[in-house]
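Single-structure report; data block below.
Going in written order, the chains are labelled A, B, C and D, and every chain counts its residues from 1.
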Amino acid sequence: MIVNMSDNATEQQIEHIIQRVLEAGFQPHVTRGTERTIVAAVGSGGRRHEIEALSVAPGVDNVVAIAQPFKLVSRQTRPEPSVVNVDGVKIGGPEVVVIAGPCSVESREQMLETALGVKRAGATMLRGGAYKPRTSPYEFQGLGIEALRILGEVRDLTGLPVVTEVMSTEDVDLICEYADMLQVGARNMQNFALLRRLATVNKPILLKRGPSATVKEWLLAAEYLLSGGNHQVALCERGIKTFETATRNTMDLAAIALAKELSHLPIVADPSHGTGKPSLIGMVSRGAVAVGADALIIEVHRCPERALSDGAQSLDIPQFERVMQGLHLPLRPVMSFATGIADDQHQGGSVLGDRSL
Amino acid sequence: MIVNMSDNATEQQIEHIIQRVLEAGFQPHVTRGTERTIVAAVGSGGRRHEIEALSVAPGVDNVVAIAQPFKLVSRQTRPEPSVVNVDGVKIGGPEVVVIAGPCSVESREQMLETALGVKRAGATMLRGGAYKPRTSPYEFQGLGIEALRILGEVRDLTGLPVVTEVMSTEDVDLICEYADMLQVGARNMQNFALLRRLATVNKPILLKRGPSATVKEWLLAAEYLLSGGNHQVALCERGIKTFETATRNTMDLAAIALAKELSHLPIVADPSHGTGKPSLIGMVSRGAVAVGADALIIEVHRCPERALSDGAQSLDIPQFERVMQGLHLPLRPVMSFATGIADDQHQGGSVLGDRSL
Amino acid sequence: MIVNMSDNATEQQIEHIIQRVLEAGFQPHVTRGTERTIVAAVGSGGRRHEIEALSVAPGVDNVVAIAQPFKLVSRQTRPEPSVVNVDGVKIGGPEVVVIAGPCSVESREQMLETALGVKRAGATMLRGGAYKPRTSPYEFQGLGIEALRILGEVRDLTGLPVVTEVMSTEDVDLICEYADMLQVGARNMQNFALLRRLATVNKPILLKRGPSATVKEWLLAAEYLLSGGNHQVALCERGIKTFETATRNTMDLAAIALAKELSHLPIVADPSHGTGKPSLIGMVSRGAVAVGADALIIEVHRCPERALSDGAQSLDIPQFERVMQGLHLPLRPVMSFATGIADDQHQGGSVLGDRSL
Amino acid sequence: MIVNMSDNATEQQIEHIIQRVLEAGFQPHVTRGTERTIVAAVGSGGRRHEIEALSVAPGVDNVVAIAQPFKLVSRQTRPEPSVVNVDGVKIGGPEVVVIAGPCSVESREQMLETALGVKRAGATMLRGGAYKPRTSPYEFQGLGIEALRILGEVRDLTGLPVVTEVMSTEDVDLICEYADMLQVGARNMQNFALLRRLATVNKPILLKRGPSATVKEWLLAAEYLLSGGNHQVALCERGIKTFETATRNTMDLAAIALAKELSHLPIVADPSHGTGKPSLIGMVSRGAVAVGADALIIEVHRCPERALSDGAQSLDIPQFERVMQGLHLPLRPVMSFATGIADDQHQGGSVLGDRSL
């Protein structure tokens, strides 16, 4: 970490900072410029927060952190990618996994019909909410344990492993009985009590990125899980909040590429919440796979306009089938030079164009 | 709610929507324009989500909600302002309340010294964290129950009622034994399990706005508390996440004026988290009071550069005293016309300037 | 457009709105609900701003616009996609066009070497700045006319059509002499004087999305060009400003899919400005093509660490070659069911899994 | 500036950076940590962009700038506040200036009636648009030169100096004939061609902050004016774009306090664009003055619902009068301890509460 002194810092103030860097367990290295002085806190064993707090010390302009604060999730700790195995379905392997299903479990018939439909179309995992985080207390809050039983039964009938959201530490044990993977919702990404509890569970976790979480904060939330003992973690990008209102959220596809660069954890993309618009889900799914997503999670309902939640962003089964087909189309070819300019200009194979003559 | 049909919607598609509006418990009113048709869903007893989901029905362009979704927190339900009484300190009354104290409880001495200092400067409530939500698992996580005991003791010694954060449903009972007011942190604003639990508690709640929560979402989070039975709720604006990095968050002071227009609940402003910069806290505190905040909550540490958390944004006690003094300064006077332009031009008292001659 | 009356609007206030809707040239259609009344302004010939301004009339809650405000750029006006022909290179055709080159033109040698390098790697158009919009007046501002001459010469030598930025109406004529396509930079997207001038030019325009422009505002900026007579317009997504600082901007790839749904104009993606990180450009380029981008524009410098501008986000030529190779890789295959679960479970071809037995 | 080497940087890579720092005109100071090495570029005469570009050099993790990039606008250059004198009205002096008037000049009668009304209520400057930046080409674009003539006449009749927006370098001379102060609109804040032209004009400039401009970018835009020779510059905060849609923009009042800390330039606040809601303008005006704004600019129309632009956010004259009265109300008093807790507990004057007994 680096402490930047202000232009008019006194020798005494610089001395004080050097002293405090030592007290915090680091080695101070001082660089005196023509205009200002910087004090670097060198070493790995010191207490970072003590250096951060020096930003309020007299004569200090600001403090800059350099090293990334996450450890176990980092590629530097583990260069090879992690694979999360959800009852045989491998997220992070050579193939893209598609998880599909309704926002909420509404009935046994609805779940079974949807599960069979998405399985037929190529999905290999099932999603469905039992406990629903809803913005308003007057909205449908999920069927709770009844939904868990339905999920368990449909999983057994179809062979599709099930992921469902856990909203509270109190529900963890019960959900573990029925689900194959536990989802931490976007609004709970920094519910640290929940993260600490899930760190002790023997089930894989799907950790959604919070709507205003930076990639760094997201990886640090995952660090809570790994440092607590649970290494079966998949990250999920589901869009962030920005000024743009034409889509429900702004899908941050570059963050998928970035998170894969920084971390070995596999990444799931959620184009349903990321866009909120059924007509965009197919193209954005393709985009997510192209930037490196290991899996997709897509909301599918047998009849979206009758869904008890998120109907406005759900696909029906034929639409989902078309999205799956779209995933098999190639990228568009790149224009070769000969296509753009008349062919005979390029007979000579010269990279210099003919107009140079 | 209003269902906007697309330009080329067929009669059959319009008929389908009319039918679905009836099924959802509303009265359909159809307006046929030269280019497009709209179907209004009229009435208050229907199921809103069924109309929302019609956005995916064939021939529908989009669905627009009109009425505000919150009820008990609304000014329409209760026109007069609510006052939250925290052991005698009234938030929402004629006077501005100042809550001050350290980010984290670190020791009995630190808390007592800080409490006495802020009380002397004019604070009438004390803040201090026992359970800390930290971005990284490697940061100081709070002293827990030991901190609660210290808070209780310092409260008894100084007479200052205490507010502290609750992060988990499992800690609620314990914290209620020691604290006078429970804080829901920004990252837990939509931790609905926690909100539902706090709705049943006989303590006032300080509900922080989430870093990416709209005012509407914030009021709906409060609605969880009121609809569950707890009407002692104060809202807290603490800044939102935007592209600006010069301040830790962007303090949304207009949201204070807006929330007071929409709701009867009192509002607390948190300039420490809102700006993250000690040098701005005094002016932003003044701004918050000027736009209508009922209280301020300010981080104060006896020695910020040695704080275990949030040292970089904490005031020391002399700085806090100056902030308190700044709250007693008047607004700057407004330039009268005679000040700007030479006096003799305005002898006649005419509102027309002399240059018109 | 729809005028929503407030709950306690009087008959007289409703009458006033009906009268004003008529005056504005629309037909009023009134829907009276149990709680509130709405007045729809029907028709296409009226003055929209007069209805918008009714939001401040007594008894009005708010005004909602329904129809999209853009016309000539809309898919409804022209369902088939537009193709922009830049001297033989077709943006919007079946193949993806790659535009590459340095941020700024620095010298003849630099441009020629870079142009030959990117052409060899597969680029079919050249970029290079002559007039540079720089945040600080103390940064390199571009070589101006000297750069234009270099661009013209390198275009003639290599046969690559050239795009360069125009910052001022006063430079338009000069730039038209040398460039094949004129770029409107992100910060000038709503420089309406410039847009009106470019609407009269017989050159294709590359219109970058502003860093805080919604898709709607972006399309309306293009509408300035089309409505003024220039239909040769390609849109360019280059990232928007959000709270995320790990990337220079947040590349809004879903906006590409959305803009193509709403408009017939072709779209170019700029992963260099969108991410600001060379290591992400390859993957984000793939993502852009997968969501439907018609072209890519990528900053390439023969020696990025010596570039006079944007060196930190430029690729060198070997890196650019690898990005081009990445565009020819297929999407990852989707996991088939048999891959995830042991094969023998699926012999019968039943969609019900074996665990149901 | 500081170059942070990555963990596995080789000696040769570090050597290369040292060499490049020297070439760029700085002194290299190397700090070798246990895990990583940093190279500081010390001195003030070097070429910053060459150091920035080293972020792509092999073995480099990132580059961090430390010193602020603006000079002439900085408080360090000029500690005392600047006062901008607009024909006798002093922005930045001891009193708050109020500028008021319609969004657009619509007619002589409208301007004169509005000017007399706002003057009577206490405004000392007049605003009114002649050239209007409108999102859509189909909206009212302003009366142009006719509006300028009206502004000039109304200024002469009322004695109120006039500010109006300039959108293009081509209009600068004409507008200078009629207006007392020239406004650069938010969307043109980084129209550098316009800024360079206005730097040569002998009129004060009102420089609006762009909707996604950081405070640093805003100050650098002002630096274009000062470094070009025009030191008569007032900054204007008018709200930034965020995810919140309940207000038109998010008024960043803390940025006013921050800009005044960093710069000597006076600051104007625009609560009309900042909130877009007439009901909030009074409270937000008070907030702006309380955080240090030197002036307010407020949209007032004699009949907002008939305005040709921005009617939805304009005040009528009686509403403006009430806003002006609100600026004379004091801040709310701060609760003293004796108010919160029963008086008899505090007879002894001890800062320790009675419960300690």
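We take it that a residue touches a chain if its C-beta (ideal position, glycine included) is under 8 Å from a C-beta of that chain, and two chains touch if they have at least 3 such contacts.
As the structure is a prediction and not an experimental result, all values here were calculated from the model.
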Chain pair with the higher count of C-beta pairs in contact (B-D, A-B): B-D
Remotest chain, subunit C as reference, centres from CA atoms: B
Geometric centre distance via CA averages, subunit D-subunit A, whole Å: 36
CA centroid of subunit B to CA centroid of subunit D, Å: 25
Cα-centroid distance, subunit A relative to subunit B, in whole angstrom: 28
Multi-partner residues of subunit D (at least 2 other chains): 212, 240-243, 245
Partner subunit A, residues of subunit C touching it in the complex: 88-90, 93-98, 116, 119-120, 122, 124, 155-160, 212, 214-216, 240, 242-247, 250-255, 257-258, 261, 271, 274-275, 277, 279-280, 283-284, 286-292, 324, 327-337, 339-342, 345, 351-356
Residues of subunit A that touch subunit D when the two form their complex: 2, 4, 7, 27, 29, 31-36, 38, 40, 42-44, 61-62, 64, 66-67, 76, 212, 241-243, 245
Touching residues (chain side subunit B, partner subunit A) in the complex: 20, 49-50, 52-57, 63, 69-71, 133-140, 167-171, 187-188, 190-194, 210-212, 217, 220, 223-224, 227-228, 240-241, 278, 304-309, 311-314
